[in-house]
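Structures are listed in the sections that come next.
In the two assemblies presented below, subunit A is common to both, partnered first by subunit B and then by subunit C.
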Partner chain A sequence: MASLVGSRVERKEDKRFLTGKGRYTSDINLANQTYAIFVRSPHARAQIKKLDISKAQKSSGVVSILTGSEIAEDKIGGLIAGWAIRSEDGTEMKCPANPPLAKDIVNFVGDPVAVVIAESLEEAKAAAEKVSVDYKVLKAVTSTADAMNGDTIHEGIDKNLCFDWLLGDRQKVKEAFEKADKVISIDIINNRLIPNAMEPRACLADYNSASEEITLYTTSQNPHLSRLIMSAFGNVSPEHKLRVVAPDVGGGFGSKINVYNEDIVCSWAAKKINRAIKWVAERSESFLTDIHGRDHVTHAELAVSNDGKFLGFKNETIANLGAYARVFGTVTPTYLFGPCATGVYEIPAAYSNVKAVFTNTAPVDAYRGAGRPEATYTIERLVEKASMELGIDKTELRVKNFPTSFPFKQTLVHTVDSGDYVAGMEKAKQMADYSGFEARRKDSASKGKLRGIGVSSYFEACGIAPSAAVMSLGCGVGLWESAEVRFNPTGQVTVYTGSHSHGQSHQTTFAQIAADELGVPIENIDIVHGDTDKGTFGMGTYGSRSLTVGGIAIVNACKKIVEKGKRVTAKMLEASPEDVEFKDGEFIVAKSNKKKTIGEIAFACYLPGVRDEMKSPLPEGEEPGLKETAFFDPSNFSFPAGTHIAEVEIDPETGEVKLEKYTACDDFGRIINPMIVEGQVHGGLAQGIGQALYENAEYDETGQLMTGSYMDYTMPRADNFPEFNIGYTCTHATTNPLGVKGCGEAGAIAAPPTVMNAVIDALGGQEITMPATAEKVWKACKNLKKSNSKAA
Partner chain B sequence: MKDFNYHSAKDSKEASKLSSSNSAFLAGGMTTIPSMKLGLASYKDLIDIKNIKKLSGIKVSGKSVTIGATTKHVEVANSKEVKKAIPSLANLAEGIGDPQVRNRGTIGGSVANNDPSADYPSACIALNATIHTSDRKIEASKFFKGMFETALKKGELIEAIEFQIPEKSSYQKHPNPASRYAVVGVYVAKHKKDVNVAVTGAKPCVYNDKDLSKALSNSFSSTSIQNMELDSSDMNSDIHASAEYRASLVVTQAKKAVDAC
Partner chain C sequence: MRKVTLEINGKKVEKEVQDSTLLSTFLRDHLNLTGTHIGCDTSQCGACVVHVNGNSLKSCTALAADIDGSKVTTIEGLATNGKMHPMQEAFKKLHGLQCGFCTPGMVMSAVDLLQKNKKPSDTEIRDWLEGNICRCTGYQNIVAAVKEAATKM
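Up next, the complex of A and B:
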């Protein structure tokens, strides 16, 4: 049987999705359900002086209107930060309470203050308009850079500072800088982004008064985690009386990791009114209330020697948390960011200092790449600037500072198990025809256009796991993953995974892995996920962890199945288990022609007897059935890496930037399905290029979101991109049996610096901030013209 | 969206009669429906004019192209006659919004709405259009009054728009990357006697740029306007483009249009 791992197996989920047979949360309707509309604050910061629901209650069709007072009375808990971060001075981080419905004070536009539940959506909307809220508007704090100087948003949190965190050694860095020939410094803004999953958030909460069970259908990347948080912190229901189902989910990118206000409120309210409640976000609610991403202001410096050796690195970052700290809010700008600060380079001394601040904006949390794009952007912009200032070719300078052997022990945290950064650089240069660039630049110049080339080399720490490691850093849970592999008596297999697919194609990739491990045709393997009533506890999907953690749990469960199969075969064929080999779905007794197929073994395990004889195929003490569970907790993160190269052409008259060429050469270890990996790379690149050239979430000084619709928030579209040139190098991860590394975030991590380096190269080194909009580039072109004419 | 009454008019007369101070005509609905959904507008009555046969269709004579009010953008974009007579007009239609919008949105709706960054109003100005309404004929230069404001009276229905066929013309749009409406769009049309340079997106209302028109009437080449700097003091400024940038774009797009003629 040919191995399926490594082949372009067509996606098993596509028929369902492409023929409209997907089943998303908003496709689900329950008899007698009601509809919820949330009344939201129109102000970024205000006191609620009076909330009057009397008129709304009389509106037609209203079933119930609930506010922050009832939430408080019922002692329903608020939303939480999942990681506790300690400041440099040893103090614990300071986080405000975040009640699911605000009672006294609202902290961002969109903060919910009441829920209106009615017989129909129209009636709920009409009634919501009649809820009258008397606000005393307070001065909002919206700027990341100035947040520490603004009014105190949350009582007791001085300077709006959640924590002031340090990773690394200030003294060593100081010494390294003193010895340096040159210090390259840079000021960076990592622009705020809105994740924009294709499917807006939604939930449907149902209550069974007899069993006292709540069932919550919701758009979550991690239903088990949601249930845990809602039980342990939300006090919504004991864990065994709460079932969370995340059916088909149309994209997450991190925005659906969090338990949101609406999940808690609808679950709690369904029990209160003893009816099902449905809520589906409108797109404008997504813009306002989904978590946002990035939003850093950074000053960074690189100490170098004249011959281009990196000696020291430091960064001072202010990270905007938004109004409240959410599940991954505090870890994103710290442990997902700081350890990657030195990039793919050997830099003997480094530190990363992050001040996380609260502002009156939507909460900021993990968005595709989470922390690693910000880190990579900083170091890769800095290295590019160093190459200009030192006059050393940008690829040469990078190679000069790459590690030459693996494992590569970095200065800050990580020990990277495997990689070959030089090979990646060489291949990327070849793919991009790096040496032919000057000719292309001249060609563009002859048409009056400015052409630039940008490079970035990245690594990232993903497959977020080692429980002991993450918990030592303040994570509130372990980050292992589980799998259960069940045979039916007739030989088909159901694999239950704690990972969650919301675009990642687990139905296919995981089935390929199980098919190879078990020698069962892929058609006979089903992947089940997304329901806390099915399978074991799982930690969900984010941080490119599904394959490297969840996939390995499947492998391990399959291996346990095979071990049992060997024991059963040995009994049935009167051999010793050590003599039984397993290959391509057959258990073969060594040096004989005796064998059993895995289907026969499954059948025997479930029907362990023979007519007219007292005989069992099972060894003594062996339980019937064929089902195994595995929990996998890897020994380390996985470390994909690569080099990307972009070429842009700028029209100096309009400032329009055209991305002419984009080359990505990545090392993802062993690739299970190249087609799916290409899809992941394409998607990541689209979002990364989006950040560099188009996307920007902008608040005005009163805290109103200026980019709250697709009229103003620029989502990149297919016609903004060239044909992506994608290639790979491969070093196997040594920390998991498949040798795989994560691939989901790479594009979003590598693309922003690659594209911006190209734009800035075209602009003769002039710094501009992301996104490089036509107007910003046009202004830079005007400066360029002025300085050129001065020089002439 | 609030409840409303839906009417389907048989002819222009009925449509006008049904209209009131709290009604809107429903053509493509691409502007009306979203603004009702967002709560920006609400009407008691929507009067559907799509079933009025007379309002749809394209007629070309030696001198002009006449397009019925409910003709969809896609029909103009694909029309062989329009492509032949005024290729830039078909081009303009092809560049409006996305396929969904082009498959429903109409020329009459676009012109009646007079969005400051819509494309068609610039064509009307550049191509010396005549707006045929249920009551009268209005010259384009007198039709567009201000931001979302036109010379139309209550209940007055646009029936068709008649464009003068120029010697040469080109429309150059610098789209807003998010909405793809025009940040600035410049429609240059060279007629026998003079040149029109109609600009959309730059100011609260479409206008004919006198300085550019004059320069190009004297010498129809992009070098004649190359170094022109326009006054940006009354130009739009928003998160997408400053007035200064728009002023520069007007000249750049005009040059591109002349070069493309």
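Up next, the complex of A and C:
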């Protein structure tokens, strides 16, 4: 039987998506359901003086209107930060309460204050217009850089400072800088982004008064975790009386990790009114209330010797958390950011200091890459600047500081198990025809265009993560994953995973793995996820963890099945279990022609007896049935790495940046399905290039979101990209039996510095901020012209 | 309210609708054809593209009452006798979709492109699909799928 691992297997999930048979939350309707509309604050910061629902209650079709007062009376809990961070001075982080419906004060535009539930959507909308809220508007704090100087948003949280965190050794860094020949410094902004999964968030909550059970269909990346949070912190219902189903989910990118206000409110209210409640976000609500990403202001310095060795690194960052700290809000700018700040380099001394601030903007949380794009952008912009200032080729300077042996003990936290950064660089240069660039630059110049080339090398820590490690650092849960492998008596297999696919292709990749492990045809394997009533508790999908953690749990459960199969075969064929080998779906007794197929073993396990004989195929003490569960807790993070190279051409007359070439050479360890991995890389690149050239979430000084629709927020379109040139090096991970590394976030991590380094190269080293819009680039082109004519 | 008569995926449909009912709402909520998706409120994302009298149309930009008498094809009506359309096959073969949410609109839009331009270049495909936003694929495999389908249609 040919191995499926490594093959371009077409996706099992595609037919339903291609024929309109997908089942997303908004596609589900329940008999007698009602419709919810949330009344949201139009102000970024205000006191609620009076909330009057009397007129709205009389509106046609209204079933119920609930506010923050009822939420408080029923002691429904708020939204939480999942990771406790301690400041450099040893104090614990300070987080405000975040009730699902605001009662006294609102803290960002979109903060919900009431829910209107009606017989129809139109009636709910009409009634919501009649809810009257008297606000006393307060001065909003919106700037990341100035947040510590603004009015105090949350009582008791001085300077709007959640924490002031340090990773690394300031003294060692000071000493390293004193010895340096040169210090390269940079001030950068990592622009705020809005994840924009194409499916807007939605939920449908139902209550069964007989079983006292709430069922919540919701757009979640992690239904089990949502249930845990809603039960343990939201006080919505005991865990066993809450079922959370995340059916087909139309993209997440981190924005659907969080339990949101609407999930809690609709679940709670469904029980109160004893009817199902459906809520579907309009895109404008997604813009306002989905978590946002990035939003850092950073000053960083790199100490170097004249011959280009990196000696020390420091990173002072202000990270915007938005109005409240949410699930991954506090870990994203700390443990997902700080450790990766020194990049792929051997730097003897380093520190990352992060001040996380509250502002009157939407909560900022994990968005594809989460912390690692910000870290990579910082170091790779610095290294590029160092190459310009030292006059050393940008690729040579990088290679000079790469680790040459693995495991690589990275400066701040991680021990990277495997990789070959030099090979990745060499291959990327070849793929991109790096040596031919100067000719292309001349060619562009002859047409009056400015051409630039940018490089970035990255590593990232994903596959989150060892439970003991993350819990020691403040994580509220362990980050293992579960799998359950269940044979039917007639030989097909159902695999239950605690992770969740919202585009990642679990149904295919995981089936390939199970097919190889069990020797069962892939068409006889179903992957089930997304329902807390089906399968074991699991932690969900984020941080490129599905394969490296969830996939390994499947492998381990399959191995348990095989072990049992060996014991049963031994009994049935009167051999010793040690003499039974398993290959391609068959249990074979060594040095004999005696064998059983795994299908026969499954059948025997479920029907353990024969007519007219008191005889069992099962060894003494062996339980009937064939089903095994495994929980996998990784021993380390997974460390994909690579080098990307971009070329841009700028029209100095218009400032338009055209991305001419993009080369990605990544190391994802063993690749299970090259077609799917390519897709993950393409998608990540599109988001990373989007950050560099197009996307920006912007608030005005009063806290109004200026980029609240697709008319204002530039989503990358098909005509924005060249054909990406994708390649791999492959060093197997040593920390898991498949040798795999995460691949989902790499593109979004590597692309922003790669593209910006190319743009800045074309602009003769002039710094500009992301996104490199035509206006900014045009201005820089004018400066360039001025300085060129002065030089002449 | 008014009565509209439409031919939807080859079947005659007669329904009473409000004057203000969008075609997208009519398809999803009145006919339970949930393959047509709503991704934005501003006619930007293209997830709701269907064919009306053979031409692609963002169904959130039309009123059901306005297209009385028309023939509508949605993603559910693209396959014939259970066999997927060459465009659907090409998207599957070349991994032109991930989460699947933009896919119905993307496929319907791409089919219309090939009706109008049998052998589009990469640039023509990318330009045509400018009105369909995909957040997952980076578009590369979508472009490849459209080219593949062009060889099969």
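Worth a mention:
The criterion applied here is as follows: the second predicted complex is superposed on the first by the 792 of 792 C-alpha atoms of A that agree within 3 Å, B and C clash if a C-alpha of one lies under 4 Å from a C-alpha of the other, contacts with A are read in each partner's own complex, and residues count from 1 in each chain.
Everything that follows uses one rule, which is that a contact is a pair of C-beta atoms (placed from the backbone, for glycine too) under 8 Å apart; a residue touches a chain by one contact, two chains touch by 3 or more.
None of these values were measured; they are calculated from a predicted model.
In the superposed model, A:G744 makes contact with neither subunit B nor subunit C. Contacts of A:A197 after superposition: subunit C is touched, whereas subunit B is not reached. In the superposition on chain A, contact is made by A:M711 with both subunit B and subunit C. Contacts of A:E775 after superposition: subunit B is touched, whereas subunit C is not reached.
Looking at the shared chain after the overlay, A:G585 reaches neither subunit B nor subunit C. Shared-chain residue A:G371: touches no atom of subunit B or subunit C.
Counting residues of subunit A touched by each partner, subunit B versus subunit C, the larger count belongs to C. Comparing the two interfaces of subunit A, the one with subunit B and the one with subunit C have residues 284, 710-711, 715 in common.
Of all residues in subunit A, those touching subunit C in their complex are 10-11, 13-24, 26-27, 196-200, 248-251, 253, 280, 282-284, 502-505, 675-676, 678-679, 682-687, 709-711, 715, 717-719, 721, 723-724, 747. By the touch criterion stated above, subunit C contacts subunit A in their complex at residues 28, 33-42, 44-45, 47, 74-76, 78-79, 84, 88, 91-93, 95, 97-104, 107, 122-123, 125-127, 129-130, 132-143. Interface residues of subunit B facing subunit A in the complex, by the touch rule stated above, are 38, 174, 177-179, 181, 239-242, 245, 248-249, 252, 255. Here subunit A touches subunit B in the complex through residues 284, 653-656, 694, 698, 706-707, 710-715, 720, 773-775, 778-779, going by the rule given at the top.
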